[in-house]
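Here come two complexes built around chain A, the first alongside chain B, the second alongside chain C.
Coming up: the complex of A and B.
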């Protein structure tokens, strides 16, 4: 996994296509924050900032997951990498991890937009918890995106999946508005999406109140992430088996 | 080391055409491509075996099945003692795969970084990765460029890096699919030396090619395949004899020499004379290499000075072995 991370790191510093989000994220922040301002709801500034940040993190992850597979297919390494002894899922996850830093950067950006651009007062009351929540979230994101990469192995057209898989996560993940704002029947589904735990915990770490159950909540994020990674490795294996049967791995 | 019995692979074309055919209720024969059928092959440990065949013969498909990239649709194959379909993981640890062409490498990172990555993929001990990468880079002559990104490499250099990549796991069985594609003559020669070294180390090597000379230079035995079936498996020496037994002489006759054709056909040592498409040209097939000097002398005496001798190309071996359908894909 570390080896794959190195490949991606060295690849990304030479041509970071996934940097696009660095430009779009601030624009999104401006939109969200404008809505907040227009409605005189400065209490929701934190939501907007965290929302754009998580949006960015998730977007980058899915983008890279699809990109990795597409790229491997174009370079005809997908065949070879699937026929190597080590699990391909680890390669995918390893390659997503370093790019997560770009995702984290979008969080910083929307923070800057809020404080500098909109003059909002945002203070992190529990910086330790916020940082821990962020790190665990980055890990879980990479793991979950790995699981989604299964679809990219099966399908030759990854962009469809990239879009179709993104939006449900934004909603179920309580990224922009808290999960409790969703209809009752849909809330349990949101609980199994790690992003909803991340969003809640990050929001709480900004507020002044005592944050309850920090460790279990961090554990929930990490646990859901780890589960996704295991499932991802398993599903990719299955997808690879299928591709071996149908002969649809390479483009040639 | 490689045991193949009754191996077959059928591709089912998907897509609109095939679907329509299915909806039409017909069996849709056009949507099935038989890439391999009833292939039997046995390659003992330490042998270098050549797979020869024209485009679309099924060479790559065979290599893909043996290297666990593709499942067979019928028959069985064992590599290094393990079934490629049911024990793929075990097979993967013992093999190396090299495809021709300049694909299959991470182009934005350096040669050395590529090798380091593939070393982990092949579970090479972290302690030996550095040393082995360096060794392989030296072996394929890439040390000077080892720390440059691969995107700046020429085809031949990529091809050599490919070979190093295939060797990173120290494989007992090596699959080479048209490995000299894109290499210049010098690189090809170095490559052949390298294959000889690998063979001397006791590795079993399966190599596909269109190039008869390459097969002759490298292989202990060769199999000719066409339309997904093995036509013949022979030791290279035997095929070589088969070849020299069917040398040929191409001649161009002036108009006043046209009568010579009939006389030639009756000459001893001449198997037959074929007219070639160019007016006035013909190809003389001799019965054996020994007959060539005799026939050549006769031609010179008769005043024929536009002539060319040559060994049969792969195409002619094909025509000879399977008749004229040989190269129609």
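Coming up: the complex of A and C.
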């Protein structure tokens, strides 16, 4: 995982496309904040800021997960990586982890847009909880994106699925609005998406009220992430076995 | 070849390539899923921040924006000529390269028209907004005009991206997010500071979306026609800029030998 992380870091700092979110995240932040400000709902500034941050973190993870598979395929090295004795899922997860820093940076950008651009006052009332929630969220994101990489192994064009794996997760993860904004029947599905726990906890860490059940909520995020990683390793192995059997590793 | 023939042949190449981009299954489970969920997402943000009227305002804005987003995908098509090694041949040919590009990605306008019409139908069915029936009847011509002006704007950005093709995704994302933000999709253009509001007069989507909103509110037909006329002017402006800019890019590329070597 460390070697994979090193490869990805060296790749990403030379690849402007991996930095695209650093440019687009502040604009997304402006969209959310403009809706909030236009409707005189400054109480929702935290939703807009945290929403943009989670948006950026998820975007980078899915972008890199798809990009890893696509690039290995273009460079004809996917066959070699799949033939290696180590689980490919761990390699993918290792490559996603370092770019989570780029995703986390969008949270800072969003906060800057809110305070400098919109003159909003946003203080973190529980910094320890916020930091812990952010770190666990980064871990869970990398793990979940690893699971989703299965789609990319079996897909000819990863861009199609990268697109599909964005907004449905923003809705189910309640990244900007709470899950209660969704119809009752869909809310349980949202609870299976770690982003919903992350968004709630991060929003609570900004409020002045006492934050309830911190450890169980952190555990839910980490647990869902760990479960996704295990499932990802298994599913990618299965997908790779099928690709080997049908001769479609490079020709999906 | 006449300009019409150049655009027609370029469009034919684009449509032929497009058949290999999606299957019906990947279009529905990939692209359409993304577009519908994007519109629903912003609709829910609107609902959280305001009332039902706000939610419907944001929903309509984002449905129409789908057309602009898909039309600007021409930015990614432009880089194909570089990858296929045909870019210097286009520059060497006697016609303006901009004409080729104005036809090369026209399939994105047609695809966008289909996508946005389907998203409109789905969102209308799901949320039952209080939009006038005229939207259902006259949406297609409005969307087509928005698509053409957003396409011309996208072709201009494609020309800019040719010298920095590694940044083409950045040009695309920045290009359509700019339209989503400032052209009235989520909040009225008057919300923004005067210089920004003035600038949006020259961006695609602004006037077309205003026309659709007038239709939805059963406003006067003259206002709809006036806004659509302005959208046509915006399309013309960006098309001219595209032709001029491609000539400059080609000229510079010939002079410094950078046609195939910029990053």
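Operating definition for what follows: the second predicted complex is superposed on the first by the 249 of 252 C-alpha atoms of A that agree within 3 Å, B and C clash if a C-alpha of one lies under 4 Å from a C-alpha of the other, contacts with A are read in each partner's own complex, and residues count from 1 in each chain.
The rule is short, and it goes like this: a residue touches a chain if its C-beta (ideal position, glycine included) is under 8 Å from a C-beta of that chain, and two chains touch if they have at least 3 such contacts.
Remember, it's a predicted structure, so these values are computed and weren't measured experimentally.
With both structures placed on the common chain, the touch criterion links A:79 to chain B but leaves chain C unconnected.
In the superposition on chain A, A:168 contacts chain C only, with no contact to chain B. In the superposed model, A:44 lies in contact with chain C only, and not with chain B. In the superposed model, A:118 lies in contact with neither chain B nor chain C. In the superposed model, A:182 lies in contact with chain C only, and not with chain B. By the touch criterion defined above, A:152 lies against neither chain B nor chain C after alignment on the C-alpha atoms of chain A. Of the two partner chains placed by the overlay, neither chain B nor chain C lies in contact with A:197.
Put chain B and chain C next to each other and count what each touches on chain A; the higher total goes to C. Judged by the touch definition given at the top, the superposed model places A:35 against chain C, while chain B stays out of reach.
Common to the chain B-facing and chain C-facing surfaces of chain A are residues 15.
The touching residues of chain B, counted against chain A in their complex, run 9, 11-12, 14, 64, 67-71, 89, 92-93, 97, 99, 101, 103-110, 113, 116-123, 149, 169. Listed in rising order, the residues of chain A touching chain B in the complex are 2-4, 6-7, 10-11, 14-15, 75-77, 79-86, 91, 244-247, 249. Residue ranges of chain A in contact with chain C, taken from their complex: 15-17, 19-20, 23-24, 27-28, 30-32, 34-39, 41, 44, 47, 157, 160-161, 163-164, 166-168, 170-171, 176-178, 181-182. By the touch criterion given at the top, residues 21-22, 26, 29-31, 33-34, 37-38, 40-42, 44-50, 54, 58, 166-167, 169-170, 173-174, 177-178, 180-181, 186-188, 191-192 of chain C touch chain A in their complex.
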